[in-house]
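To keep things simple, chains are lettered A, B, C, D, E and F as they appear, and every chain counts its residues starting from 1.
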Amino acid sequence: MAKKILSQEENSVLKSMFLRSHTVFINFNMVKMEANCFTITMAPAIESIYGDDIEEKKEAYLRHQNFFNTHAVALSFIAGLAYAMEKEKKETGAVDGQTIESIKAALMGPTAGMFDSLFFNCLRVIAAGIGIGLCADGNFLGTIIFILLYGVSQSVFKYILINLGYVYGTSFIDMVFETGLMTSLTKSASVLGLIMVGAMTAQMVNVPLNWTLTVGQTSVVVNDIINQIFPGLLGVVLLFTLVSLIKKGKRPTQLIFGILAIAILGALIGIF
Amino acid sequence: MVTIALKAAFVYYVVYWLDTFILSWQCLTRPIVIAPLAGLVMGDFHTGIVMGAALESIFMGISAIGGAIPADATTSSVIAVAYTILTGASIEEGLAIAMPIGTAMSSFGGLLTPLWASLAPFWEKLAVEANPKKFLIVNILVSFFTMPFVNAIVLFFAVAYGVEGLNSLLASLPVWVMTGLGAASGMMLAVGFAILTSMIWSGDVAIFFFVGYVLVKYAGLGTVPIAIIGAAIAISLFMSDKKLSDLKTSLTNTQVNVNDDEEDFF
Amino acid sequence: MVTIALKAAFVYYVVYWLDTFILSWQCLTRPIVIAPLAGLVMGDFHTGIVMGAALESIFMGISAIGGAIPADATTSSVIAVAYTILTGASIEEGLAIAMPIGTAMSSFGGLLTPLWASLAPFWEKLAVEANPKKFLIVNILVSFFTMPFVNAIVLFFAVAYGVEGLNSLLASLPVWVMTGLGAASGMMLAVGFAILTSMIWSGDVAIFFFVGYVLVKYAGLGTVPIAIIGAAIAISLFMSDKKLSDLKTSLTNTQVNVNDDEEDFF
Amino acid sequence: MAKKILSQEENSVLKSMFLRSHTVFINFNMVKMEANCFTITMAPAIESIYGDDIEEKKEAYLRHQNFFNTHAVALSFIAGLAYAMEKEKKETGAVDGQTIESIKAALMGPTAGMFDSLFFNCLRVIAAGIGIGLCADGNFLGTIIFILLYGVSQSVFKYILINLGYVYGTSFIDMVFETGLMTSLTKSASVLGLIMVGAMTAQMVNVPLNWTLTVGQTSVVVNDIINQIFPGLLGVVLLFTLVSLIKKGKRPTQLIFGILAIAILGALIGIF
Amino acid sequence: MAKKILSQEENSVLKSMFLRSHTVFINFNMVKMEANCFTITMAPAIESIYGDDIEEKKEAYLRHQNFFNTHAVALSFIAGLAYAMEKEKKETGAVDGQTIESIKAALMGPTAGMFDSLFFNCLRVIAAGIGIGLCADGNFLGTIIFILLYGVSQSVFKYILINLGYVYGTSFIDMVFETGLMTSLTKSASVLGLIMVGAMTAQMVNVPLNWTLTVGQTSVVVNDIINQIFPGLLGVVLLFTLVSLIKKGKRPTQLIFGILAIAILGALIGIF
Amino acid sequence: MVTIALKAAFVYYVVYWLDTFILSWQCLTRPIVIAPLAGLVMGDFHTGIVMGAALESIFMGISAIGGAIPADATTSSVIAVAYTILTGASIEEGLAIAMPIGTAMSSFGGLLTPLWASLAPFWEKLAVEANPKKFLIVNILVSFFTMPFVNAIVLFFAVAYGVEGLNSLLASLPVWVMTGLGAASGMMLAVGFAILTSMIWSGDVAIFFFVGYVLVKYAGLGTVPIAIIGAAIAISLFMSDKKLSDLKTSLTNTQVNVNDDEEDFF
């Protein structure tokens, strides 16, 4: 996997992506989290790769509108990698959309954990520590040092990592393509992706049923019973209900408002 | 009072909004940055700086990882500075109100969570239009009116009419509305995962979804060890396929050779 | 006294025996069913019903999952009802004796566990005769004389001659007999697993027995997560074999085609 | 895996199996637990499938006399599945006895956990709650409602699940057979079966050695030492001793009485 | 895997190895632990197998100078096995050095656990218990009995196990060789070896950073932050730094003195 | 005093050194063996034997598994016996000093750990010379001057000039030297593992290093369950390769047959 020399176009795409990757929290929401930023970040790459092919572009944009969540700096790395994969997809057909999805899904959880502690819990605390010392004496330099140490250095890391993701990604994919094992890579990536989605579902999806069934003289906490069958069963059921609705062509809008309606209704009748 | 409130809302709004676009996340919105700026705008830079140091210490340990924020450091910093400058209270008194306000603001922010979530389909539709310029612009425009905007308004009223106003506003909503909204947010996450799942799902590997699931729920592992175990599985599957494909190649070549030989033979 | 005791033993025996054949397990033998029936037979239906409600509440939480029963709800319900009707005691007094009796009865039941276990080979022999009618009939006949029968006798004496009798009966056995019988039951389970193991054992997959074992003993997992992890392993192995067989098929076909081509060629 | 239309014979076998599957606890014992019920339940299937082939019938009866334990309702599902597998075994030879064993072994543990909490811990408690309310007022309707809600509905589920097990099982096995992968299925099923037997051995088999070796001034709790080497080692040793005795042709009778004798003797000399 | 009849040379090699295997703790150190004893124990085997081939001998000696640690009695078993593998390596080329390494690495941890509790925690305590009783009365027989029960019996087990390891190892390797799957065995052994080395690294390697970064008014325990990113990260980083230095041709001497220098320097400036 | 000290050092030295070569590890060095011998040499066999019994009881529970030794049973046994014989103190008094001395001696031993570790490269160089006789002899020679030698000297001074001497010796070292040496030992272990790793490392299976790692650090498993799980993985990989090689063999044979047939055909 030799280091690739980047063309001028690639360089300018990466630079634009780097700038855009700062919008991590633009219109952040609980459904897609950082998806908007990811779409915005990928736009230069998608435009450069797919040019006029409007159908493929639509697909690509849809792909990068999916749920995404990780630390701001890690996002740049994954975006660089996604650029490499999209390029491979177009040029050689070696990668397909599902592989890209799976790899993104697999990388979110672990990078979030690592980068959160590296930057948010470590670098930030150190930078704040230094800044606080100065500010407590009324010295505005404390603020400036904080911004330099924390904000600017995160930016620098974003820059380095978006390039790293692209370069590393390309050569990895080239290697796989040469050996003609793309389907296997897709399948393996799906396995890893599914494991991670399963893990994240277990950690994050939560159906907060708060329903005590009182019949006669006994009362049953329904959620306890359900969790005894399989912990978090309701979340799993919810997820697969949604999956089957999506496969039946339901739009996310409908799902979201459905959930909202059920939640508020449920709260009204007292089961949440 | 109203002037200060306006200024407070303004500085909060501008800084929070900027934070979305430059440097990196949660830098400008940290107390140590926003408090001095708020002081500057409201006419007492020194108080702003000193309170920034203290507020940063208070909120440093309150982490905002994984999407949940227990207390809103940014709004409460601005309010605390405004309150101190406005009432001539001591810095200590100003700090004292920061945490309760932060908690109230963050639970108010939580109220709106489903609202932002309900925009998700809109964004998706917009993205699929494959018009990146439009997507970016609409994002920027909408970002004018989301979290920082709403918070700025609340912040304005909080400074202008006091903290009681804020509390009574929250209290006036029926309990079940807040409960429902809270319940919705945990469930809405499932939509994103469902889309993801439906894209990478396939019958023969479906079981691995549950492997990840039980490793969290029963074995109590986090995503890092699960990713490592999952990578080992994925690599093993890949390597086994590679061996198969190598074998295939070698056998096919042999066959071709066999045929070649035969052709030579004739 | 003896009449009531007889009636009590009779209603217990019939209901328990029936429970083995109709509806589903542990339905008719629950206090809420048997206590009213006992009351009916002994001439005080109302007391039976009311005590049934109370006894069901008492025994509801005592679960009987996985083969171990901490207290015998059925016998103690009948005895409690009989005692109340017999002595004219208050319902509360009747309830008070239910739990100690239940515990005594269940430890007495435990005593007999190895006896029933020792019948296992007999059943196996019978099954292998491949005479299903005979197997069913003998099962039914034997079921007349097992648990419900023994319990009914004990119950009769308990009602007729008091709870002390029961206790002293148990106490008269040497301690080591009871200990030995208790030890035997945990070990006898191994016979069933050993037969199972010897049927599905094969050298190259033997290690997986220990994988299941250590996941319980060291990682503390239960059967549900282990089944999921195990299914993932089994499916992966199956899929890998499937790929191999697909490759084989495709290569064999190719070869045939090669030959076909050659034949065409000539 | 299309839904199969059942023949009249299949229907009547399933109906008879359903009725017989109620005898879950008939002559229940710690060695084979619910094996007698399973044999009785399978009898109509075995008779219908193997007809006059006495040798195969014997084998089949022996197979379904093995240790079996799960919740009463789950038993019906597994019996339906076993019917499908036995049929396949006879008609196409696609399934063999070991596969049937492995699949049964693999399903016991998890179904027990799920159905116990579903029916015994949940439905029963709800039914009892309603019944108690009425009975407390001296109303016998409480008892009747309890029987309907708990007993009758369990019966209904048994009926549904025995059919489901049969239909689902047949089509699954057909699919495997068409692709000629029966040996692989057997091996995979054995792997799952062994994992579950290992897990159940760890959970249930227990050699309660209670032997404190006192030599000179020190005393050693022998069981603690043994469990330090490998937790539950004695249980594993016991199991494999039994396995090797079985392979040497020893009959279960001998094993059981042997264990009984050792246990009582052990208790007498004070090591249990 | 039929039992092999050992030749006279094999017997005399094994006997000499047995005697030498007593030196478990000769020049024991924290870097290689029992490596010296292992080298000494393997010497007769290596000499007998490789004869005059000086290059192969050097390789073999280097191989058995690697880190080694297990219980004294288990060492004999592994040495017997290693003898069998070295022989196979020379005679048939079926085994390579990496396989031998992997298998040794895989066996250390589990055998240590088992044999420590069997001999050190159990047999020793029993022997001491008996001995103490007698010695307390001033009877020297207590000491003699202790030596017999503990020391001599460990020697006897060493003798039995070194032979067992050789015979069992030989027949296992023969089997694999006949099926022509040696590369696969090597790879599988590497997998197991790596898992165990990873596990042992996690258990034993420890970089005791004790550095509290105090900036302004806050202080950060650096090690806590690092372990949040990945527990024991420093140990892993250290290990892979060393691996890469070894691959670059650095000698162990340099590594060890480097570590010593860093540790003392670190302690001086207060980060350890 | 000095004579007794010399004798004590001598008996310690001989017995400890012998323990490296005969019987098996930690047999002759146990209190129950060395204390009587020390008593014998110092002229009071009976005291030695009786103290041996008591010292063995004291040190029995202190295990030395995995390379770490919390208290040195051997030196303290010899010192305790020497002290008792020397001062005519009661056996109880003699025993009282055993444990503190043992701890001091073992922390002194810890000090030297990096020294022995620093010999590792020397041993490796020597081994590679492929001169087993020389390797053995140098090992034996060096073993004269390592642990037992150093300990014997310390022991001599401890008996001759008291325990305080030992303590003040330890205290005279700067703290950071001891800390640094302590830190080094945990890190030096990595050298051995690194050599091992570099030998069995290969890119496609590298991830399994981390599987083992996380099973310890996150799942909290020990080496036994990990070895079983690892064996299952290794066996599965091996079996899958075996199937592949079987397939290859069978296909190659078929091909040969095909060719054979064709040859026959012509």
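What we mean here is this: a contact is a pair of C-beta atoms (placed from the backbone, for glycine too) under 8 Å apart; a residue touches a chain by one contact, two chains touch by 3 or more.
Since the model is a prediction, treat every value here as computed from it, not as a measurement.
S.K.: Same residues or different residues: which describes how chain D and chain E meet, taking over half shared numbers as same?
M.R.: Counting shared over all numbers used gives less than one half: different.
S.K.: Taking contacts as defined above, which has more of them, A-B or B-F?
M.R.: More contacting C-beta pairs are found at A-B.
S.K.: I'd like to verify one number: the distance from the centre of chain B to the centre of chain C, where each centre is the average of its C-alpha atoms, in whole angstrom.
M.R.: Each chain's C-alpha centroid was found; their separation is 52 Å.
S.K.: State, to the nearest whole Å, the distance from the C-alpha centre of chain A to the C-alpha centre of chain C.
M.R.: 49
S.K.: Would you mind pulling out the distance in Å between where the CA atoms of chain C average out and where those of chain D do?
M.R.: The answer is 11 Å.
S.K.: So which stretches of chain B touch two or more other chains?
M.R.: Counting only residues that touch two or more other chains, chain B contributes 53, 57, 60, 205, 208, 210-211, 213-215, 217-219, 221-222, 224, 229, 231, 233, 235, 237, 240-241, 244, 247, 251, 255, 262.
S.K.: Considering chain A alone, which of its residues make contact with at least two other chains?
M.R.: Those would be 113-114, 121, 125, 128, 131-134, 136, 217-218, 230.
S.K.: Can you list the chain C residues touching chain F in their complex?
M.R.: Interface residues on the chain C side: 204-205, 207-208, 210-211, 213-215, 217-219, 233, 237, 240-241, 244, 247-248, 251-252, 255, 259, 262.
S.K.: So in the complex, the part of chain E that touches chain D is made up of which residues?
M.R.: Residues 113-114, 117-118, 121-122, 125-126, 128-134, 136.
S.K.: Which part of chain A faces chain D closely enough to touch in the complex?
M.R.: 213-220, 225, 228-230
S.K.: If you look only at chain F, which of its residues touch chain E in the complex?
M.R.: Result: residues 19-28, 30, 32-33, 36, 45-46, 49-50, 52-54, 56-57, 60, 63-67, 113-114, 116-125, 127-130, 132, 135-136, 139-140, 142-143, 146, 176-177, 179-202, 205-206, 208-218, 221-224, 226-227, 229-231, 233-235, 237-238, 241-242, 245 of chain F touch chain E.
S.K.: In their shared complex, at which residues does chain F touch chain C?
M.R.: These residues of chain F touch chain C: 219, 221-222, 224-225, 228-229, 231-232, 235-236, 239-240, 243-244, 247, 251, 254-255, 258, 262.
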